[in-house]
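Each chain carries a letter (A, B, C and D) given by its place in the written order, and its residues are counted from 1.
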Amino acid sequence: MKKLINTPESVLEDALAGVAAAHPELAVDIPNRVITRADRPAGPKVALISGGGSGHEPLHGGFVGPGMLDAACPGEVFTSPVPDQMLAAAKAVESGAGVVFIVKNYTGDVMNFELAAELAAEEGLEVRTVLVNDDVAVEDSTWTAGRRGTGATVLVEKTAGALAERGAPLDEVAALGERVNAASRSFAIALTAATVPAAGKPGFDLPEDEIEVGVGIHGEPGRRREKLRPARDLAAEVVDTILTDHHLTPGDEVIALLNGLGATPLLELYVVYGEVAARLAERGITVARSLVGNYVTSLDMAGFSLTLTKADTQLLELWDAPVDTPALKRA
Amino acid sequence: MKKLINTPESVLEDALAGVAAAHPELAVDIPNRVITRADRPAGPKVALISGGGSGHEPLHGGFVGPGMLDAACPGEVFTSPVPDQMLAAAKAVESGAGVVFIVKNYTGDVMNFELAAELAAEEGLEVRTVLVNDDVAVEDSTWTAGRRGTGATVLVEKTAGALAERGAPLDEVAALGERVNAASRSFAIALTAATVPAAGKPGFDLPEDEIEVGVGIHGEPGRRREKLRPARDLAAEVVDTILTDHHLTPGDEVIALLNGLGATPLLELYVVYGEVAARLAERGITVARSLVGNYVTSLDMAGFSLTLTKADTQLLELWDAPVDTPALKRA
Amino acid sequence: MDFDTPLAEAWIRAIAAAVEKEQSRLTELDSAIGDGDHGSNLQRGFAATLTALDGLQPTGPGAVLTKAGTTLISKVGGASGPLYGKAFRAIGAALPEPAGPAALAEALAAGLDAVRALGKAEPGDKTIVDAWTPAVAAFRTAAADGAGLPEAAAAAAEAAEQGALDTVPLQARKGRASYLGERSIGHQDPGATSTALVFRTLAEVTAA
Amino acid sequence: MDFDTPLAEAWIRAIAAAVEKEQSRLTELDSAIGDGDHGSNLQRGFAATLTALDGLQPTGPGAVLTKAGTTLISKVGGASGPLYGKAFRAIGAALPEPAGPAALAEALAAGLDAVRALGKAEPGDKTIVDAWTPAVAAFRTAAADGAGLPEAAAAAAEAAEQGALDTVPLQARKGRASYLGERSIGHQDPGATSTALVFRTLAEVTAA
């Protein structure tokens, strides 16, 4: 394992020290592992808090700032944060209008946020939880853990953040978050596995000519393995898989997030995005907005995920609203 | 070789199609390989044009937009562009106030931009060239090709872009670019080599526990190879190497760019940045501004480069000025 | 022999030691069908319980286990943190002092109930529940048959280990492994494996 | 035998074929001390010269080489594009028609001058110049000694190949390889190697 770290045990703490040094606009509570806006919103405002395992940067800490999150709770690498973090964050940023937890649907995240919500309620805070579960690679069933939350998190955090910034009340912000999640679908393909520092070797072995299709962002293997194919074919398959599940029809507008998984050169992401755009055009879908880059990563995994969110006037307007975070800025 | 591409031959063209699809705010001339702002600056304004081999994205196309570049000329992967591109770009964006070529100091880039400047002069355009040569890993001598241009390019393009946006005349913009370059030093360490699509395998082999110190951004091996050490030690060595060459003294202010080489997880970059900041503090240097992320990459190379630019009031003000490009935005 | 405060402390310390020793095996199992952190998650959590116990003046075995559970919730994260945390808190809360085999059986059953209430897993879903369920049943049966703590715990450990082994052919329906669908078949569940350690160490400390 | 239009065309086509064939070797040499693109750079450039020649009604051998040079400048990029481009343009400009061995020698020398004017490399800097310089000298000497085109070109090819081999022990002082400092020693320069192909193909087409 080759990593720019001091020790596997200190990765999170050391990275938070770096975040603190790099971003004076953020307040980083290293012992409690909470990242908040250094400024305070003027009046009462619904506070948005997200969190999850580390290794997905810029998610979530990179999305803290005016117009998006009020706080982020980073867990250990690929491990959901603990309830104490979310409680500390909620107490730090609550300003009288309640708190929305944005939670990616993983057993650990769900349970830890659930315990945190209980603790917060005991302290008299009003909490709503928005569950993000957009990954069509996973079977959606009440008998299982359900679909994973991936790229849609960025869309939910951005749009709900914009709505909260405008002073919308708690239930409205939470409902918007749920609406955006329901309007979103994602699918990912990996060329290599991620190496968790504490594990010291890749989560799975992938031969030189094979890819994992429908992979998750925690180094979980995908649903199947197949031969590497040209970007054009992969893009078409990913688009088609999402469209089928999503019931999008010609004429629909989408926001498209083409996301690098961490080790994918931007040059390749653009190659894939060109093919995604071409395929969507073939299928009659209009891309109203797009975002190409590393937003929800999986450490050093090479590959990409595509998220398509069905757009409407309100969503586009919230997507376009100003935001000022380390990883997403818009005037 | 595992890459998200169609064919090695079509990488650049396919990626440009993706850039065009992803960025309606840019005009992408795919046959001529020129990326320009889709909008036109209002009055006459010094036009900034940069370019170089592809594989360093977001450099340079990602820095085209108000407040930074007017045009970028992407060459084949790791191959400087041809004079025709720079000539076409100059003709497209020149608005009566002259053109500045921002050129990284590599033999190929220098010669191709030189031929382009000759052709542009023949067409009656006024051209100045700013050469960027900030890499302290390379011996600085008139008998050699001289120092390579790396991370300082971002600083030069940003600050000169801001000055041009304010209507400064040609010579002033060029002089500022040269001043920023002279105030900048960079140094890079790689954990893995980059794989050029057309070559099909990594530029060099690096054992599991070794790193290349003083590496370039084209897959050129570095000056020496050594064992991987903790991020703290690597950061200290890089900082010290730069400070020694740069003659910075306690009390000096810098702009720090900690740049990922393409396949480095942001989590690791933050770990390194934390150590860089700590070392600079130990040495009495104040970081006035910082930027952490992938800005001057080398395809799928893992590693980082650090650029330190001695700051002063004018540079900080230009650095903070509004910019609206795909890869760098500031309100 | 009753389950008293020193025994409760010894148990937590024994789990911490076992987890430390088996960390890489747990992580390997989790790499195959999860995200490769189960070993380090538990190692971090139980290392923290040791520190927590060092500063504790326990009022009884229940207080020890409650403290351990609270610490696990605060330090582990992931799926296993809340599950083991809630389990130990529930065991602690249910534990009378002094606790004989029958009382410990009921406390362990309360731990299982807490796991199931939080995680909503059924037996056969390829989780912690698949080791914990047979362990509680074996402990209960042994206690009802008049076995002492060491015998009941040994029976529970054996049942938990068998339960962990029995997860191999199962397809996961809960937790991260469920994302793999059929590809989760043929691998032993990491959480069920760590649960087997929890019961094996109980047998060891009660036998000592 | 004079160096005429068909011969000029044949030369460019032969270079294109040789570069195609040796592409991966050139790239490998460039990977060792450069950035691994010399083969694909020249392949792309000379493939384009073929297309350019197809549409050309050349007015003489000079026009063929000038066109080839212009095309290389427009299509190759990198260090080798402007260098070979300027070289062929200079050869083309210097070439009278018809051109005997002495005239071709001077034209080739003009090519070398163009390379040196643009690239500022001295012999011994481990570049194209290290193959081109001895090749021009050998061609000149042979022509002065009364050799015909085939013999002069064969002497030049041999000298270029020897010059390329002689770059192995050199430390690069120009181009990308110079960044390696002492680590550039022990590798053959890719550009000198492609220059040897340029002269070998000249020998082949004049001998045919």
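The rule we apply is simple: a contact is a pair of C-beta atoms (placed from the backbone, for glycine too) under 8 Å apart; a residue touches a chain by one contact, two chains touch by 3 or more.
These numbers come from a predicted model, not from an experiment.
Any chain bridging chain B and chain C, meaning touching each of them, is among A; the list is complete. Path length between chain C and chain D in the chain contact graph, taken as the least number of steps between touching chains: 3. Seen from the C-alpha centroid of chain B, the farthest chain centroid is that of C.
Spacing of chain A relative to chain D, judged by their CA centroids, is 54 angstrom. Note: centroid distance chain B to chain D, computed from Cα atoms, is 32 Å.
One finds 29 Å separating the Cα centroids of chain A and chain B. In chain C, no residue touches at least two other chains. In chain A, the residues touching two or more other chains are 77.
Taken chain by chain, the contacts run in an open path, each chain touching the next and the two ends left apart. Here, these are the chain pairs in contact: A-B, A-C, B-D. Touching chain A in their complex are the following residues of chain C: 27, 31, 33-37, 39-41, 44, 73-83, 118-119, 173-176, 178-181, 183.
Every residue of chain A that touches chain C in the complex is listed here, in rising order: 8, 53, 75-84, 106-108, 111-112, 114-115, 137-139, 143-145, 148, 196, 198-199, 201, 203-204, 216, 218-221, 223-224.
The touching residues of chain A, counted against chain B in their complex, run 1-7, 11, 14-22, 54-55, 57-58, 62, 77, 191-192, 208-209, 211, 228, 230-232, 234, 258, 262-275, 277-278, 287, 290-292, 294, 297, 299-300, 302-304, 322, 324, 329-331.
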